[in-house]
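Letters A, B, C and D mark the chains as written, and numbering starts fresh at 1 in each.
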Amino acid sequence: MAILEVTGLKVYFHTRNGVVKAVDDVSFSVDSGETLAIVGESGSGKSVTCYSLLDLLPKPPAKIEGGMALFDGKDLLTCTPEEMRQHRCNDIAVIFQDPMTSLNPFLTIGEQLIEPLIYHPDKEQVQTRVEAKKNAVALLDEVGIIDSHARFDCYPHEFSGGMRQRVMIAMALITEPKLLICDEPTTALDVTIQAQILKLIKKLQETRNVAVIFISHDLGVVAGIADKVLVMCDGTIRESGDTDNIFYKTQNDYTKKLLAAIPEGAKTQPNRTKSDETLIEVTHLKTYFKNQLNTNKNEENRFIKAVDDVSLKISRGEILGLVGESGSGKSTLGRSILQLAPTTAGSVKFEGEILTGLNAKKLVPWRRKMQMIFQDPYASLNPRMTVFQTLSEPLLYHGIANKKNIASQVRQLMDDVGLSQNQLRKYPHEFSGGQRQRIAIGRAIATKPEFIIADEPVSALDVTIQAQILDLILELVERHNLTMMFISHDLSVVRYISDRVVIMNRGVIIEQGDTEELWAAPKQDYTKELLAAIHMLIQSQNALE
Amino acid sequence: MYRFAVGRLLQAIPVLLVVITITFFLVHSAPGGPFSADKAVPPEVIKALEEQYNLNQPVWQQYLSYLGDVVQGDFGPSFKYPGRTVNELIVAGLPVTAELAFYAMLVALSVGITAGVGAAMRPNTMQDYLPMTGAMIGICMPSFLLGPLLVLVFGIHLNWLPVSGWGDIPGDKILPSITLGTGYAAYIARLSRGGMLEVLSQDYIRTARAKGLSERLIIVKHALRGGLIPVVAFLGPAFAGLLAGSFVVETIFQIPGLGRFYVQAAFNRDYTLILGMTIFLSTLIILFNLLTDMLAIWLNPKLRQEIRGTN
Amino acid sequence: MIFCSDRRSTWRQPITLSSSFKALLIFTVLFSLVGCGSRESNVSSGNKTGTLYWGNGTEPQSLDPHIATGVPEHHIISAVMEGLVLKDRKTLEPLPGVAESWDITENGTVYTFKLRDNAHWSNGDPHIAQDYAWSWWRALQPALGNLYAYMLFPIKNAQKYYEGDITDFNEVGVKALDDRTLQVTLNYPTPYFLQLLDHYSLFPVHQATIEKFGDADQRGTRWTYEGNLVSNGPFKLVDWKINRRIVVQSNPHYWDADNVSLNEIVFIPIENIVTEERMFRAGQLHVTSSLPADKISVYREAKDPELRIAPYLGTYYYRLNVRKPQFQDPRVRRALAMAVDRQRLVDNITKGGQIPAYTITPPGTMGYYPKSDLTFDPEGAKQLLAEAGYPDGKGFPSTEILYNTNEGHRKIAVALQDMWKKSLNIDIQLLNQEWKVYLDTESAGQYDISRAGWIGDYVDPSNFLDMFLCGGGNNRTGWCNEEYDHLILEVAPSMSSPKKRLEVFQQAETMLLDEMPVIPIYTYTSVQLVDSSVKNFDANIMNAASYKDIYLQVDQE
Amino acid sequence: MTDVIVEGGSSLWKDAWIKLSKNRLALFGLAVLILLIGISLLTPLIAPYGYEAQNLDMGATPPSLQHWLGTDIFGRDMLTRIMYGGRVSLMVGFIATAVALVIGILWGAIAGFFGGRLDAIMMRIVDVLYALPFMIFIILLMVVFGRNILLLFLAIGAVEWLTMARIVRSQVMSLRNQEFVEAANSLGLSQWTIIRRHIIPNTLGPVIVYTTLTIPSVMLLEAFLSFLGLGIQPPESSWGLLINYGVETMEEFPWLLIFPGIALSLTLFALNFLGDGLRDALDPRTSKD
């Protein structure tokens, strides 16, 4: 029996420059105990659909134009605010995407957990604090938070990303909802933790017979968990049906495009003629940060050892993959090589020249030869500089171009990175994530560097855009004969792009070797565990084949 | 937390020392001595007076002896009021000025935050424009205009409230506090509106709403803490302004505070009184800045742990 | 929503607003209500308990009669202390004070005072003649910094002792023959000497109390503060809260205690006269110390009985710095004086009923009515200026009027600036300086024209004309004329009859006005608000109140 | 290394102008300001009377046909006085605030950007200046340097830039660890270039809002200083002074207070609308089209 029946839902955004049809005539239904996955790229309207059910959209721009959403027979779209509070408290719960910002940093997680119980709209369900705390602690155990009683009074910032998402799940389930909406719950997490969270949601669904709507842009994730799938694009439903005939018998070309974009398999092109001249040599590099958290002077954990005695070589023309979970020190290693982070000990040599110890002035000529591409396309571009200014700054500063030929050089860069030249006057916020990353890449290659460090360049992008950027990077490495260090936590992306791979954990290199050899026969058990987490996802996909 | 406070207090000592030094030499270089008067003062009398207050010594010697006294807490005799010591005058005036500043801050915070939060809850509606326009008028209305206006309306025509004095007649603290506090209420309204709008757009507010909490609870429990951080940051400079601003209000409402003393001392070249009050007022300002910084840290659990060092 | 003030009717909530806005409104209204209990104004309660509320200007510096100089101090001291002789509250004629009677020798240089036998200090000690000898000795100690020491100079050798020429005080002409008789010998006959005895610089002070708190000539002792002061006047000091109030109560040991009707006087120091006027209107004061100029015309048009304007022994004048090139020629100085339209200035600017002044000494001072040929004659002035070498103001150097930061001075300076521009076509700038800087600039002679004013210490032309002696402390104009000094210092004192003495003063004044180093502008008036319930507080040209006679009575309309 | 000549540089301001011209309220504010400045500049030509022309018989008359805004107690025409007063107030308001703006932004940017001990020292200096007795400082200035308008700016500027420095510092500290600053670092740009091109443009938002609040308070501060004798001398005047004198005769001659008050509050409202509009215009996130 369908617990939620949505027919003809229309949600439009009335912005200053015209009406945007975010959701245009969408109908679907979910039975209790069943998982419906809604898949689509960012901007396809998948989140807007679910949020409009619970009236969570900002009213002035958004407006529900039409349609009905029956939940247990009652229409959610036309109920009074009081009734809506009842629904939110008893029937429907939401798990949001980014655990970092979805928890109130000023209140303890315990307080945020018991809130819906002690302030319940209808009187008889109100619980006392003691009672509510008992339920909350039990639920924390269930979602896998160790010594939950002690952690009850801690603050969100004292939890890792994965732990916070578990708290969010507990918070959603505390009121025993009948329908659980998960809005990309694992996108912001590392791959190993992603697997654990998905397993947890699956288990909870079975034990509590809860209907789940799982929103995601990553088909790989959805494959393992969903019973039914809904593919959305530009506010409309392109295809819906059971999971296996969507994945394997689809006729719809949009779904095909989505499936093709999942990177898997080895690096296709043959290795270029890799010269054995070492471009970068790192010997016994150490980068320690003063540990803000405890300043008592006992030697042991006075410093955070981000990079702890790392030595490696990168030869010219090679793409070295650097893999590790968040907090493994891979970004710090990248920044230390480029002398952007103050190193504590050890040395970095570029073409035989020692860089560590040079002051800013002396470093400038080397800066020209080494560049960096950052992870967050939104933060790495100066919001108040046009694309033209961003690209022309390095060219002019390093004297590569002068007043006369600057315009043509910038247009050349735009072509290199595949952006149309008439967008030179625009500002970063007017571009999509993928386009911004192209600008950042353009800025990196502007000074015609020999060595580029890409710090998780694609992890913040949609899967289809990811593929295009990776191809762009490979093409640029080819054309400009660059050497690159590719830092990422996504193993399948690293496998797709890099010649050699270095595995890092807690500031130390665990293992390094050619990509395919490593994939075939990992020596260290940490690498095994990493690869296992990937296989789990792929197996569930293969099983269905 | 206290380690941070001690650190800041240690920093305050050199600041105070620099303030005393600059003020001392600033005051002594201002022309016109403390004893010149309208009726011509015979030279031998001036000589005798300067001897009594050892003003005839070289300036730096006076400075060293003055520092010696200050360290023991003795701020010296007042020139203008013979027989009165600066300590006595400050003890008489400081509590009143501090109390006036405190009540004014109370008015500013209560009216300011209520208006700011009210405006942020329904942006771009009447409930937003009304308080914000009022805030703008509040900013542009100087206290030397608002004070007399309030006195005329509430004091004399409606005869609800006493016109002057502090603590003698019940209710005589209301008009001065409102006069001094209005300007700052306006600033705080704008700041709290900005802070609240910013917080209300955060994800965790949406989470709270998704949990079915009532709108009022969301505002009070979730939004207020984050939203009022810019206001807390503003309290430091605001308190310094209140102390300085009290001079005008004290004159309008005949309040025996430090503000008037401060200006009169400057006009009378009462060196010890100026120095004494500068030290007291700057200590008050430094302490208050420290308090507001600690409050800002206490409000933010992440910072609180970083400072305390142990979780 | 009913408000508790008696006269207002209910005030209902006209507009409905969203809930949080109502909360804000209710909160502010309640907040303002808190103070609204049943409140009786000072004046009505004072009239019942015999307490006079007196607006007293700035916070008094000190109540030591040998240190204090300002008017606020004068009011309080004259309430708690009393000299040998009092003044009649209307005519200012000498009346017996602590001295029951006195007789003066034929040549007017020796005075013998008979003290009352029931005269006591406020702590019960007997008040004897030696108190005066000791007090005047103390008044002449240079270390004390007594700015009014010159009031004692008529006494024989007082000035020599003060300036250190003689060291033995016995040579000074004051001797206590016995407990009840005091003999005073003067340098030369001084008709106004009896008046001086009512000035607080000649008041007796309680020796035992002073010596308890430090040596006699130590300036900063605490003998005059609350709980310590012992005095011989109709009232005694009870309480002194800095910047709040000074309270004196009737002194039972006073010799005339039964005729004192007031029980208590509360002196309230109010810096700002605009605030003071508002306090008066709110019924918190019986008497104000002054009144803002622009409010005077309002009270006058309304014919308000509580407004009191009376001539005040003082002249407002401008000093011309004769050392400056443009002011060396008396004709230029005279031209400037003639171009001032005093009547319009008094009517439109000061508006305080002041009297245009054409002489330095206010007319009517001890029967002295000085004559002067100075009149408002812009044409004559223009011509005189041309004669002096500045036809139609051409070539006249730019001149500055120096005044200290004050609303009244600013208005007068602006008005004169315009008058001189219009009639003499000369370029006048204004220089507004802070009080101490103004004093400094003026005494250093770095000014062209500067604002000045002199309030008489006693009712005698000499108090005004002494200012312009060569090298006199207050003669900052740089003008010096031996003939003038001779008239004032030698000829006038040697005159036998008072009438002849006044004629000599007239001669000197005419000489002064011919040279015109100073431009008299107007004679002061005392302007203040007095509640109708205050009785026996009569106006006089010294604006002196005799607190012992004042009583409060609400007259039933 | 040639200095960076950025051909499209001015576009930040060009785009801002395009956005501004779409914001009706800001345009209204700008129009009022231009009107006020225009009147002030043309005052000598269009003023109906001389500003010090006294007419004692006409002392303090209410608005009439002859004198549209009435006369003050000296019989001088209030409309002329307000016009001339506008010249002084606007000049003082804008220039003194500009002084405070420049010092404040530089001081705050340097303290915020470099942090560490330099930041502590610079901020302690700010604390010292906060505590110094402003009154004595004024008297000294007046006496030691004599009396001219420049002194007024020094006195006002010395007080106003403190709060500006605090605001800019907190803004810069949050910007400092943004990735685009790290990117600029990786380009090898000098510290000063990074501050000038990357940090300061991004602090303009709150700075502009604070500036629009500073100008009116500076005008009132000027009145207080002029009253003490530091600023302008009679017979000249400024809005602040006119309001100051008007307050004392509020009951008898209300027009002496109302009209200068309207002039000042008109400036304040115009400034605020323009300021809010400018802040939104300079914030690239607000769409251009």
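Convention: a residue touches a chain if its C-beta (ideal position, glycine included) is under 8 Å from a C-beta of that chain, and two chains touch if they have at least 3 such contacts.
Model, not experiment: these values are computed from the prediction.
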**Request:** Tell me which of C-D and A-D has more C-beta pairs in contact.
**Result:** A-D
**Message:** Can you identify the chain nearest the overall CA centroid, using each chain's own CA centroid?
**Reply:** B
**Item:** Whole-Å separation of chain centres (CA-atom averages), chain C against chain D
**Value:** 45
**Item:** chain A-chain B separation of Cα centroids, rounded to whole Å
**Value:** 49
**Interchain centroid distance [CA atoms averaged], chain B/chain C, Å** = 37
**Shared-contact residues (touching 2 or more other chains) in chain D** = 139, 143, 251
**Request:** Provide the list of chain A residues touching at least two other chains, using ranges where the numbers run on.
**Result:** none
**Message:** Quick check on chain C: which residues sit in contact with 2+ other chains?
**Reply:** 274, 434, 437
**Message:** Let me make sure I understand the interfaces: which chain pairs count as touching?
**Reply:** A-B, A-D, B-C, B-D, C-D
**Request:** Show which residues of chain C lie in contact with chain D when the two form their complex.
**Result:** 274, 292, 294-295, 297-298, 344, 348-349, 405, 407, 410-411, 413-415, 417-418, 429-434, 437
**Message:** Considering only the defined contacts, which chain C positions touch chain B in the complex?
**Reply:** 3, 5, 7-8, 17-18, 20-21, 23-24, 27-28, 31-37, 39, 58-59, 61-62, 64, 67, 69, 142-147, 149, 163-164, 218-225, 241-244, 268, 270-272, 274-275, 278-279, 281-282, 284, 434-437, 439-440, 443, 472-474, 476
**Asked** If you look only at chain B, which of its residues touch chain A in the complex?
**Response** 124, 202-204, 206-214, 217, 221-222, 225-226, 299-302, 305-306, 309-311
**Fill in**
In their shared complex, chain D is touched by residues of chain A numbered 16-17, 335, 338, 340, 360, 363-364, 367-368, 370-372, 374-376, 379-386, 388-389, 392-394, 396-399, 402-403, 406-407, 424-425, 427-429, 440, 443, 447
**Item:** chain A to chain B touching residues, read off their complex
**Value:** 54, 56, 60, 85-89, 93-94, 96, 98, 101-107, 112, 115-116, 119, 121, 154-155, 157-158, 168, 171, 175, 292-296
